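The following pair of complexes shares a single chain, chain A, combined with chain B in the former and chain C in the latter.
== the complex of A and B ==
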């Protein structure tokens, strides 16, 4: 306890520590920007002129995927001399708000919710994208995507990564053994479910537990079905509240989803009855497929990460996914998905250069080569996408017949999209009447 | 008449504390406390078992199935401690960050709170009680309310009507440790001053007056009389503050950021499970790595802890 008895020592110790910290801060600066002339840097010609600058990026992508992200722009950073300081956090949405309010905003953020993007734009916190970024984004992305980062006619940033939510996971081996084929229409899907149930395999696995976001997988179900029974325009009106949340067409879509989700003969393989859906975590929900306890699991492309490492995700492997089939052929091939948008809180030239680069085809290919990534960037070369499920996703996104719509709960105000919609879906799974659940969400919409 | 009239000496101890101690010494009380201890330890024990199980086992079955099918592996610890890519841990460097954050964040409030407590208790100046009440009242303000203002204080400085009173601090990378120390010290002081003030003001007045008569100045009294006497209280508060800072996620997340230069263990642990939470088996071993230091601190200082807690309350 000498430290406490002689407080002078404590101060000395603290002083030494802070000196040491200061010294490392000085030591870590190494300027390496002399590579601009080397041949592999030729493609970055248009971003030159910003050497010895630093751009900070903040996003929710972390861990292994963050490593890949940092690798993907390494060459760009070396060639242009722009140092990119990346930080990922699981508390991204809440922290971003705190940092912006505290005057400590990052230069660039990857925002996965258009609703949040909209709020920052309305509050005047975001800087509109430069003309170069806008031109690059318009060249590389479909208009379906760009509408989500356009607020009051002002364009704020291009999409970056994407995911496709309209997938049903299945076991190719099980399908082969049972002699089933991949359904291409809703009727086929129901027939397949009936057949599986008759053969003694519970057809569907569903789980919507996800900590304080419990309920979101069910909202994806509703959105996917609504997109298949109604036109994209109705879907847009629904997400923007131009029609009431409990419009009859939405009620019908929810009821149709209910023919699977609330059907005790269809769910919930390996876990129990309908009510077990609410307590099964989404990470584990699909795993019984591998044990042959259920046959189908509707979940986004990123679910590929949840399968154990030893199971092969491929068209002829242990596990794969097929496109959630259309219900009404007249509605084309609707794809529900998500993605993040590259928006800037600063308009320094180097920030704009990075923002433009991230919208480019070079970046999309550079990131895709590292694996485990999907983008709607039309310049993305399929040859660079090696992972079978990513390839299927990219094919879907680049297909001209595809009608893309963003996950509706990310478009709605947070009180609904990340609040009552989730909660009421949990009640609905637990037996609440469809009309009552939707009416409760409608009444919670902020006016 | 050789009967012994009373057994008062053994049957009814004079003080309340003595009676409490006696009642807690029965066989039933011991059994109950053992049961409570076991029940409270079971989750931690399960976590410990899990941290040694292979990934697919953790993900598919509960830890209690371990006894039927024991499979041990050190892979989780290896990944978390020595993983080569930044995604698999490298907890060692974050460990260092945690220590760099924690030591000053404990020592500064201790030093300031002890000085303030002495001044408020033994130096006569006008408004002393009001200052004490003010500091006491500050405990009510939740620190979450101060996060945004404090952050803008660091990043934009303070200005009123366009006039800069204090410039922005403009700290980046490792310099942001200063922000964390500052924030932790601010948030710790109200409780620290309150606790130590209660303790310091209980010291006998005669002692102070005798020292004063002998010609001791306030710094001298503080150093030679007060500090040695309040060591148990300082240790108890120090442990509190240490555990709080070591386990803190919120303050570090906001003021240190998530970069590998400044982020402490807790921030790293929160990200360890991956973007989609699919690597959560690492959390089991990560958690154990993170609690080693608090455990050591607590075990080595626990006698001060108990003494400091008791010293202020029951005197038995």
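== the complex of A and C ==
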């Protein structure tokens, strides 16, 4: 088997290639150390004293969003001389574990699942937040939020971006033509659904297909309804398994969600009957609203990206969203949502400085100005949020009457929250009895 | 999309490193394989030339030990890779299957108990059995019939490539393609799925094919057959061509009809190839995972062992339960492998 007729040729080739590699690898540039004295740097006063240091950040945010992220802390980096080395990965959740186990943990990670954060904290991998970070976070975020990054009384880091899941998308144009108004209570919502059905428009369109995560949009439905029929405390007990997964109150909530989701006169606009929900992709599910084939679609704020570019997302435009109305007025205005948390695997002063800065109002506003971003940071100035749906989200999050709760399936162990809960919801949509589905989830809760 | 080479420099560098490493390792190995045996052969020749005139025979012991060493040298990478890639992981999986979800505690056989206790296990085992029975049987039959039909027909090469083409598509790719074939739209809308369109033309109501058990498992099996029939056809077609023509001519002279020729000449003639095809497809089917994961992710009662294993171990963080499923899968494959090794040996003896 003579591949290289003359062995020497192979060596020459290898030599040339390795030279080329060497040249590319040496091409990194030297960062300039801060210009701390210029006037725009005044706000970063408290973070000074760490110039010529480097902090690595690892998260799941990629591509265009990642570029905005890097832009958002550019000025901070210039002023303080802390170089921030950001890396985004599509395999973040799995890779973070690998990197931490391999002794190659990033300085800071943005973790979107409190369950995962909890696991790292319990394993002693995370460093508790510094007193400054904690003070900054307590000043800028509601206590509802901070509980998710507090493990055994120790605070590990502030929230960063957020999303609101308690939205119902609708077409303002359709509502105007039909003379409908935006419902502000569950009863109004049901009345509206009946009216739409009577007018020949299927009221709801729903889709829970999402590849190997199929079922998650249904879990959001259940969580939203549970939050509206029970106290936030019951919700917390449910997500932490202090009450069984198939507690009667949860069964009732699922059955109530079923009065919409499993009602053939209410679903599934543009796609068929109840069973079509399980095979309709969540990305496509809401689109029939634009064709007038359905009226309502309950989905998170990030669904804004799914609408075609030519349709205008605005309160008087083609498409907009209203707050998923409360069921029991005594339970206040519950908001279901998600978000990521800034946690640190190292406690060098520059790491703590970055962590504190990311919890500050300056950062929230700097990032919001670049667009497409929502945060529960109370210092976030609404004037800096231009996108109407982002603005609505921020208003909801900053509202004092709002009771915020994190997406329950992100809080539960993966075997349930990313496993049986999704799967059993698919079976439930396909006709499985509520009690049987919830009992199956309960039995899968890892002991 | 603008592509900035400077920005992508680290990635390009990584790519280059990879290419260089590949060239160096593979090139080095090829070089070694090329140079060493030639040099050894040359040396032996030289020694032979030196000893023959002297009239003293070469010590057999010395030569054998040297060649044994040489054989060991070439076996070493294989043994090492088998050890690292097969034996150690197998033992580790076995050990992990006796531990809990995050592998911190020993739980004995509890993971196996969990497997048997779950009501879904019946579905999973039934589906896996269905796959293992139907896919090898149907894929091989389709491949065989096709191979016989196109044998020595006009445009044989074209006809063969047509059925062989799906082999070039990955299971995930095939899954996505067939998901479109089975796609569902309500009766009033235009159908985008081929099957539903045909169904509607025939006067039926559009069906959600993938959501209706038990038909959906059979529809997934069709995908696997679509891929594997090409493989069966190619191997069997080659085997058919290898049947000595004098045998066929002799049979013709004896006046057999096509039917008899198939059962009495062709089939016995290609029996070894048939066994290889059936066994290979059976093993591929047992570990089948991609099609189910892509098309239904095990929902709607279509779950199979391998999909469940993956979900438990890598998505739900239940390494113990996932490993237990892997061990069961391993045990199920063993009889098939033993059968294949045996039949291969028998063949060699003949």
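One rule holds in what follows: the second predicted complex is superposed on the first by the 419 of 447 C-alpha atoms of A that agree within 3 Å, B and C clash if a C-alpha of one lies under 4 Å from a C-alpha of the other, contacts with A are read in each partner's own complex, and residues count from 1 in each chain.
Heads up, the rule we're going with is that contacts are C-beta pairs under 8 Å (C-beta built on N, C-alpha and C of every residue); 3 or more make two chains touch, one makes a residue touch a chain.
These numbers were taken from a predicted model, which means no experiment stands behind them.
In the superposition on chain A, A:413 makes contact with chain C only, while chain B stays out of contact range.
In the superposed model, A:67 makes contact with chain B only, not with chain C.
In the superposition on chain A, contact is made by A:287 with chain B only, not with chain C.
In the superposed pair of complexes, A:247 makes contact with neither chain B nor chain C. On chain A, the surface patch touched by chain B in one complex and by chain C in the other comprises residues 1, 3-4, 7, 10, 13-14, 17-18, 21, 24-25. By the touch rule above, chain B contacts chain A in their complex via residues 55-56, 59-60, 85-88, 100, 103-104, 107-108, 110-111, 114, 147-152, 154-156, 173-175, 177-178, 227-228, 231, 234-235, 238, 253-254, 257-259, 261, 267, 270-280, 304.
The part of chain A that touches chain B in the complex is made up of residues 1, 3-5, 7, 10-11, 13-14, 17-18, 21-22, 24-25, 28, 60-67, 85, 87-91, 95, 98-99, 101-104, 283-284, 287, 302, 305-306, 308-310. Per the touch definition, chain A reaches chain C in the complex via residues 1-4, 7, 10, 13-14, 17-18, 20-21, 24-25, 27, 94, 211-212, 214-215, 270-273, 275-276, 278-279, 413-415, 418-419, 423, 426-427, 430, 440, 446.
For chain C in complex with chain A, the touching residues are 6, 9, 12-13, 16-17, 19-20, 23-24, 27, 30-31, 33-35, 101, 119, 184-187, 189, 206, 208, 210-211, 293, 297-300, 311-312, 314-318.
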